[in-house]
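Letters are used for the chains, namely A, B, C and D, taken in the order the chains are written, and counting of residues starts over at 1 for each.
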């Protein structure tokens, strides 16, 4: 709505020449937005590199990357749901639930590692499917369906694990999923952990799915006008369930990442992670009212969050002030995104 | 510059004579990528009905929104009673005595009709703090009585049909007692009886010296109601002419810049063709009562009736958009089970909704996605990926074929004018290539040029062997296009007329043929 | 009929509380009473704990075990218990009131001070040290932080460069540790004030491939393994099972009218590679 | 949207007689809905009174009432914002912030009690105003604006209080705000604490404001169609800010209630409370998409939540299972509400 009352002050001049045309291509709204989305991130990084001498060291950059992995993957999962104008509060505890299920198959049952991986993703998809059915078939608002799922899964993780962490010591190679560095083995100067590699692979796959496939197209259409999509003869419920299922499966990957990183499934962890993930998505320019969004934006949003937290820690800012600053920056980042859009 | 372009114009004086109640000069309004108003002008006398004409996207609504304080103008002058004014907000417009009925419905669905009408001007009770709901309903009832509208002020707007909602919008505009009243396609959703009521009200306002700006694509209305006509094209002012002394062909010529072919095609005989769709004993609550009909290949079947007759309901039910209580649907002679629009589309049935904003378009998405919306499967490569280039080409093809006015196929649909949006819905169903097509008010809000294109299109589709149901509240249109006409009243089919025997009178008679029990009540 | 004793703790998801619960359940079996064990999700939720206490009192228990998040806030309910002649046994940390018949607790401050002494010893009494604490506002969090920080003042060449809080969340504590290590390249030691924090420190150090003296708190499989393989220098353990057991035992005794000491010190222990298998230590550790 | 596809099976029969008319009045949708909203609550209460012998005792009922007070008041605050189709994630930490501010004025400055009360409400309104400005003027989505505020206020509470609870021991009478019982003094058999009295007073005031004043009318109108309201010449931004401000002031009252109950301002408390409050609102039949809602429903929703938790505790259900059951019941309660509406 807002940009309908677009003040016309920035309107183009009539009679553009060839030069103007070239300029227009470079400053094409879509291109410009993507470039500008980096701006907040870069501003933050420049600021912190002045504020803390160690900030730009490779080790620290790697650890920023590493710390973005879990939130980044969760944020990608959320992006799909949010583009459909839904919301998913269960991503954090679902991640934990998947980690616990991997633990059940690997540690309790002693099955081979790939079964554990498959189990995490399968149970993620299964729980996503349940949320999807609640939302699509029973018409329960996503906020409530996933709030309920959040609590349900939190409880189940504790029940299944007996409120004890499940360790993966008996599954050699499990911790490598997240902690080893395939890239580092090839290029020693870039000791980027696999978790980050997985984040980027998931992001690329998600980006392709969102932009190049029918699944992605329906994701946008659902968020834009569900009824119109239904009346176009599309099985809206099916696709909605599919989107939640897919998003759940991605949470399963996040579960593997965190379990592998901690070499254990920590059943009590997870609540609160959903807010970080949603914040990343929205900072990245995806609208909570649905119909728009990009994976690239989400990734940038996730990096803004982790750079911010890392930088404040590097500056040894007191924790209570870290919270204050994070709150302010979240608002600011989204505000800048809004200004950017309005200008177009 | 304007004058040199429009030698036919009869009022050339630069300054606004004091008798204008309102005048606009050189108003320009630019949207990103679109020059919506280009040095446009307009003026209005008290007590006149001044029609504003132009093709879809000509800038009519934009001009009116500038007047109503919705959009700020980029440049230009607005005078009210000779006084130079700025209109930055809707509130300012109200204060200046400008009332508007917007082209799109702008109602709060969760509030009652009365609450909508007096929003922002609620009567207060004791202490000026609490709302006086009784006074609110009383005042609303007064307005409804003036309009001869039979509606309970306390009904929730969400429970009203589009037509009734439009009446509420009209009531709201009337309640302001404005000096200038803008009506942007007020009759698009109304039937003849309601239109008559509206015209009666307009004449009444006229006699009280209210100046009325009237936008419509229905030519016959202009004849009936307007004193002068101003034509716009591409955001520019073209000319102003007195209605009485100007032929409609001239006006249309100024609008589209060419002559239109208006000959009604001779209805072909389709009675021997294969029956592609047969509906038997369709039943849905109080809305559809035992509706049966059949549709032949190559036929255009008109559905006529008054507002709320149940035509939309029938189409939605056949299309699987609503559950039905009873009834059989046969496609190509075989009984089919249609539980959702998906099933309907799979059986080759398409439905163009009468309410494009809510049911037809994902307005936040771009033109090409909307065109491809129900045919995505067709653009799959390797069963997974979408062939973006093909989608784009296809969409561009339709933009050209239907003369859709849009900067590109990447433009979000919500930025297009109403008529162009309608064309995109049509493109969507053309692309889907269904054998059976329900067109529900296909020309609602469409300009005369585009209308004749759509008529041509319908005829072509019929010639190609498609079976078409055309629901329309414009009788001339039904009469002109249909090979056969079904008339509905209160959820039943009250009669069938062949193209040859049909006339406005006959249709109206069937359309008001109520149930016996009800006739007593109505009398 | 059966004697019912509800225990209202400060939490339930952590291993520590699960061990307290296990001790209480053991005692319940030994003394043939029924217990229940409940605590809020985070140690910030003072009012939720009060609701729990209130519901527990409504069940008309014979006695009650209570680990106050904020004893002043709970006072009205404790008075109500007193009026109903329900003996209250405080556990884990004291209640600022004379209502409880006894308190079965660890002196967290003294325990953390012991950790500080060990740290000083292990890093040679000089250098930079960091604390990754689990909470900024809860009693245990504050006591362990302050116990450690205050004792370190006795070592002038040791500097505590930063205290940060990771909510006992392993992942958050890992990230915190990594940024601390990055910001203070010369760090010689780090103290994690509960199990989650300690594991976080351990992970962070491991991921940064650094070598430093890590001291943990509480036990759990990962900490025990780390101490065995030398990546963690040692840790403080309380006796959570003992706390749970003693709490129920004291409640039973109070019901029988037996005299109880004002404080039952359940003790704390330093354990490292050398004594981890010692039966006395092994008995107070949990997985 | 949903009620357009209203299945016609329940459609009225034509030709209703006088009897049917009377029946119709009794079973008038609005009346019936309100009656039915109690049904879930009563079902729960009946169930628990069989499952636990102590459940129906006056002490326990009073403790249920007491435990509903804070969440109930927060839920009322949320109701206004949610009816505008917004959301407020900051209610929990705002409540805490207000409690801390009361502590600052009463304990730190030693001012008289009514100043502390005024301060809590004033700072609640002030913070609500800030959220309102962020949402209305800067067009930041409510989810993000209030998420940012949530973090900001959490941090500020810690900063201001020095991360320590502020006790009100020096302010005699402060604990009476919530804990004494005016009703109990009059009718000893009904020892209902003042907190509950305040909850009901706030509810009644909120109900009147929502239904009888222009403020309430615009609250509904905003949630129903903001653009239409704007085009009607109403100063939408002003009213939106006013609604958030008002909601903030109610959070201030919640802050007083909790501070008085705990006789202290606990600076770390508050996060997570917003989800309980929102759950209560939605269980009570207010739609997250705006435009509809009742205070009575919200109150019933808040009671459903606290009866549930209390009942499970009385049954000594293991805590992890309590979480599971709560999740399921939240979903069920909302689903029943949806079914009920669909039937109309």
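Simple rule for what comes next: contacts are C-beta pairs under 8 Å (C-beta built on N, C-alpha and C of every residue); 3 or more make two chains touch, one makes a residue touch a chain.
In this text, all values refer to a predicted model and were calculated from it rather than measured experimentally.
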Query raised in the report: When all chain pairs are ranked by how many C-beta pairs they have in contact, which pair ranks first?
Result: A-D
**Report entry** chain A-chain B separation of Cα centroids, rounded to whole Å
**Finding:** 43
Query raised in the report: Whole-Å distance, chain C centre to chain D centre, using C-alpha means?
Result: 35
Query - Centre-of-Cα separation between chain C and chain B, whole angstrom - result: 71
Query raised in the report: Which residues does chain A have that touch at least 2 chains other than itself?
Result: 158, 163, 227, 271, 319-320
Query - Numbers and ranges of chain B residues touching at least 2 other chains - result: 70, 321
Query raised in the report: Which chain C residues sit where two or more other chains touch them?
Result: 12, 41, 136
Report task. So, with touch as defined above, which chain pairs make the list? Result -> A-B, A-C, A-D, B-D, C-D
Query raised in the report: For chain D, which residues are in contact with chain A within the complex?
Result: 1-2, 87, 89, 134, 138-141, 143-145, 147-156, 158-159, 163, 226-227, 271-272, 275, 278-279, 282, 287-289, 319-328, 330-331, 334-335, 338
Report summary line: Listed in rising order, chain B residues that touch chain A in their complex are 29-33, 35, 70-72, 74, 319, 321, 340-342, 344-346, 350-351, 353, 358-365, 369, 372-374, 376-377, 380, 384-386, 388, 428, 432
Query raised in the report: What does chain D use to touch chain C in their complex?
Result: 52, 54, 57, 59-60, 63, 66-67, 70, 158, 163-165, 167, 169, 175, 179, 258, 261-264, 266-272, 309-310, 313-314, 316, 319-320
**Report entry** Sites on chain D touched by chain B in the complex
**Finding:** 3-9, 11-12, 14-15, 212-214, 217, 220-221, 223-225, 227-235, 291-292
**Report entry** Touching residues (chain side chain C, partner chain D) in the complex
**Finding:** 6, 12, 36, 38-39, 41-47, 50-52, 54-60, 70, 72-73, 75-76, 135-138
